[in-house]
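Two complexes follow with subunit A in common, the first pairing it with subunit B and the second with subunit C.
After this line comes the complex of A and B, so read on.
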């Protein structure tokens, strides 16, 4: 737990201090405490690095927590915001926002992404009726239904295609603090709900029948989890685009570190989410000279090996 | 005496259940074949050169007007056959993946094998500037490489399904984000052109290639029929299957090898036709509803789904002429959702 916190602190500092432009750590500190207007170094820290760090924190916490909840509720180790149809719902809404309403600024399509994710989740959870296998399958079916719709819009509308190309990679840049200021309450409510549900997920992991026998209202747990998932995954996708791998890898990594108790997995997951997303973002700034790799790409490059390592580990769930 | 009576009653019940199961399977298979026939006939009749049913049949057997014969034999029939063959291969492969790995989400789409093919094709087009056969080859290589990688990375004293699935999903995301990155970095027009390659199409499979894919699929399907006996016990879990005398690792490796071969074959011809391998077995299992893998029904459903999707996409029923891979999800997913919403019975 402490290690995870320390890692988070470290990566936040790195995210503020490192980048394409070399800035002295002392200047970074001054930029935060006593900014001088018009001084380029300070402007870079305040206008670019600070916002993307905050966006990464919010989206990372949301993704880590949402991923843990989703895997707990569906009892499927490959379930994530992508597989539950949330990302495709958000993507379709964004693409339609550009195609029909000509929206092009992040602050404009944030709400479309959110509503799209929520609508997809509503279909998935109502048709899935909370049964784990069915939930996962309905999520995949909804994704299968929405993905071609996205492609159809992209084939028709050049502008939507252009915007989507960049949005779908997943990135922390170009979103201002104003977006986070709008969306952070959702993350907070989602995380609180998730924390409250962690103990119930432990019982749910033993099967519906056992959980019911232990006095749990399984339906209520699932409904509350659904609300939290929509709030968290919806926010994350609105903020950073469809960066699904974080939500998939983080719970597995957390399980590897702290065992099977969802109260611990949830806490560690909420910390590891931003660690992973910000690490990806920082690495993306450094690997290429004079240019950047988007956080989404680096997160996938980082996440896939982690997932492989977890899968090869001795304690992988279900093996 | 009483015991004998009870045994014989049990026998009658079991025999009755088996007969019901078989009837149901035959019913589903017949239904899917009917769908294929109707959609196939429709595909032969529709198009720029409108044909009457008589002309189409005459053309198919090589009689009648030369133009009609050309249109039917060289253009329309191969496309129908390609959709059926490729669809059946994907459907069968999906059913094998899902039953062997005991995860209803395990399909080449989600395990990264199809995504690997897309990545190969996208790299070939946008980075290397390839086209035609070389591109098919690269797609095939992409699918094969990912399958091999999953295998190597997931192997640890045998092939555990959960490891296989997790590694596959990780690689799928890796490929998908690389595709997104390449598309974001390339020219607008080129990126748009490659969009169709990421979803698959059956419009250009004919002649020798078609014969090759059809023969290959047939051989693999026969092999699947041979190994299918172990699929039932495997569905009960590794320990139970072992207790029933099944060599679990050998059975799983065999089934997965066949599934990968089917996907690679179909992908090399049609590209990664989206969601057939995910949706067709899910539909077939629900229709047959006997708790088994529904292999034959999945193949038939895959063929029907792909053919119907191609007819819908080809004749611009969506407002634009769309490659089959865009339509398969649109045709299959609502039906699957409807099945999921209406079946009360708890699924596997």
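After this line comes the complex of A and C, so read on.
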């Protein structure tokens, strides 16, 4: 827990200090506490790095928590917001926003992304009726249905295509503090709900029958989890685009660190989410000399090996 | 009176009736075994008694109160059920799994009290898995694992314990082991035990009250020696068999005949 917190602090500091222009941590501190107007270092910290760091924190917490909830509630170790069709729902809404309404600013399509994710989730959860396998199948069906629709729009609308190319990769830039100011209550409600549900997930992990026999209303747990997942994953996608793998990898990493108790997995997952997303963002700034790699790309490059390591370490037969 | 009883109980799946108008009372402080051919509704009956299955008609009562009128957690403090579908999560340790049996006694965040610890320790002791407490459940043998699940059910501290085919997947020695353990719990704590069993002869030996089911109804119930006759075995299982006294326990021993061995 302390290690995870320390890692988070460190990566936040790195996110504020590192980039094309490396800034002394002392100057970072000064920029935050007593900024000097017109001083380039301070302007860079406040205008560019602070917003993307805050976006990364909010989206990371949301992704880590949502991923843990989804895996817990479906008892499916490869479940993530993408599997439930949330990302494709958000994507379709965003390209439609650009195509039909001519929306071009991130703040403009935040709500479209949110509503798209929520709509997809509503379909998946209501048809899937909480049964793990059915949820995964319906999620795959919804994604399969939506993906060609997205392509259809992209083929017809050049502007939508250009915007979507960058949005769909997932990135922390281009979204300001105003976006976070709008969406943070959703993250807060989602995280509080997730914390309250964590112990229930421990029982659910033993099977629906055992959880019911222990006195849990399994349906209620699933419904509340669905609400939290929509709030969190919807916010994350609105903020950073459909970032792949963070929601999938973080719960596994958390399990490796703290075992099988969801009260701990949830807490560590909420911290590791932003650690992974911000690390990806910082690395993306450093690998190319004069340009940047999007956080979504780096997160995928980081996440895939971690996932392979988890798969190799896992006793598949005993699962 | 805390009797668990089914009154005119009907249960089914998607409109298909499995059990219709069934009456049954589990005798307090006794071991009840439910036997019957595959798909006769014995597991469904047990699930209905534990409120794991929606009731289509009639009711299940506990000490006279309809169990659907009770909060689930309250029911879980009185009736424990070990279903067949239990899953031990990857990497979970024995003591951790057993501690989850405390859930119905805890609040939302499941804070542990020293009371909980004592109950869990006792459950581990009385099922003989105390020395395995820190081992991952996945590493245990089938027999040990089943004891761990029994320990979890014991940590629930209920007067009634229901078990759906607890001996399936165990070899003969471990089947006896487990049934001995359940008998011990029944005698030491006065726990009412009801279980679905496949093995007729073990059911006859360990049960105080034997329930024979066929096609969703009860064919016969009562003391095993009175219930398990050639006629009942034939009616329930469609099986020609001789019933002789078990040389060890004196309870009925069912010896099936089959097509190639006409017998004496």
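Here, the second predicted complex is superposed on the first by the 313 of 319 C-alpha atoms of A that agree within 3 Å, B and C clash if a C-alpha of one lies under 4 Å from a C-alpha of the other, contacts with A are read in each partner's own complex, and residues count from 1 in each chain.
In this section, a residue touches a chain if its C-beta (ideal position, glycine included) is under 8 Å from a C-beta of that chain, and two chains touch if they have at least 3 such contacts.
As the structure is a prediction and not an experimental result, all values here were calculated from the model.
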item	value
Which partner reaches more residues of subunit A (counting touched residues only), subunit B or subunit C	B
Touching partner for A:217 - first (subunit B), second (subunit C), both, neither	second
Partner chain(s) touched by A:255 [first = subunit B, second = subunit C, both, neither]	second
Touching partner for A:272 - first (subunit B), second (subunit C), both, neither	neither
Which superposed partner A:162 touches (first subunit B, second subunit C, both, neither)	first
Partner chain(s) touched by A:75 [first = subunit B, second = subunit C, both, neither]	second
Partner chain(s) touched by A:263 [first = subunit B, second = subunit C, both, neither]	second
First, second, both or neither for A:202, with subunit B first and subunit C second	second
Touching partner for A:94 - first (subunit B), second (subunit C), both, neither	neither
Subunit C-contacting residues of subunit A that also contact subunit B	77, 318-319
Subunit A - residues contacting subunit B, complex	76-79, 82-83, 123, 127-128, 131, 133-134, 136-138, 140-142, 144-149, 151-152, 154-156, 158, 161-162, 165-166, 168-170, 244-245, 248-249, 252, 293-294, 296-297, 299-301, 303-305, 307-308, 310-312, 316-319
Subunit C partner contacts - residues on subunit A that touch it in the complex	75, 77, 195-196, 198-199, 202-203, 205-210, 212-217, 255, 259-261, 263, 314-315, 318-319
Subunit B to subunit A touching residues, read off their complex	103-105, 110, 153-154, 156, 160, 162-163, 165-167, 169-171, 173-174, 176-178, 180-181, 183-184, 188, 191-192, 195, 199, 274-275, 278-279, 282, 318-320, 322, 325-330, 332-334, 336-337, 340-341, 346-348
For the subunit C and subunit A complex, residues of the former touching the latter	47, 50-52, 71-77, 80-93, 96-97, 100-101, 103-104, 106, 108-110, 138, 156
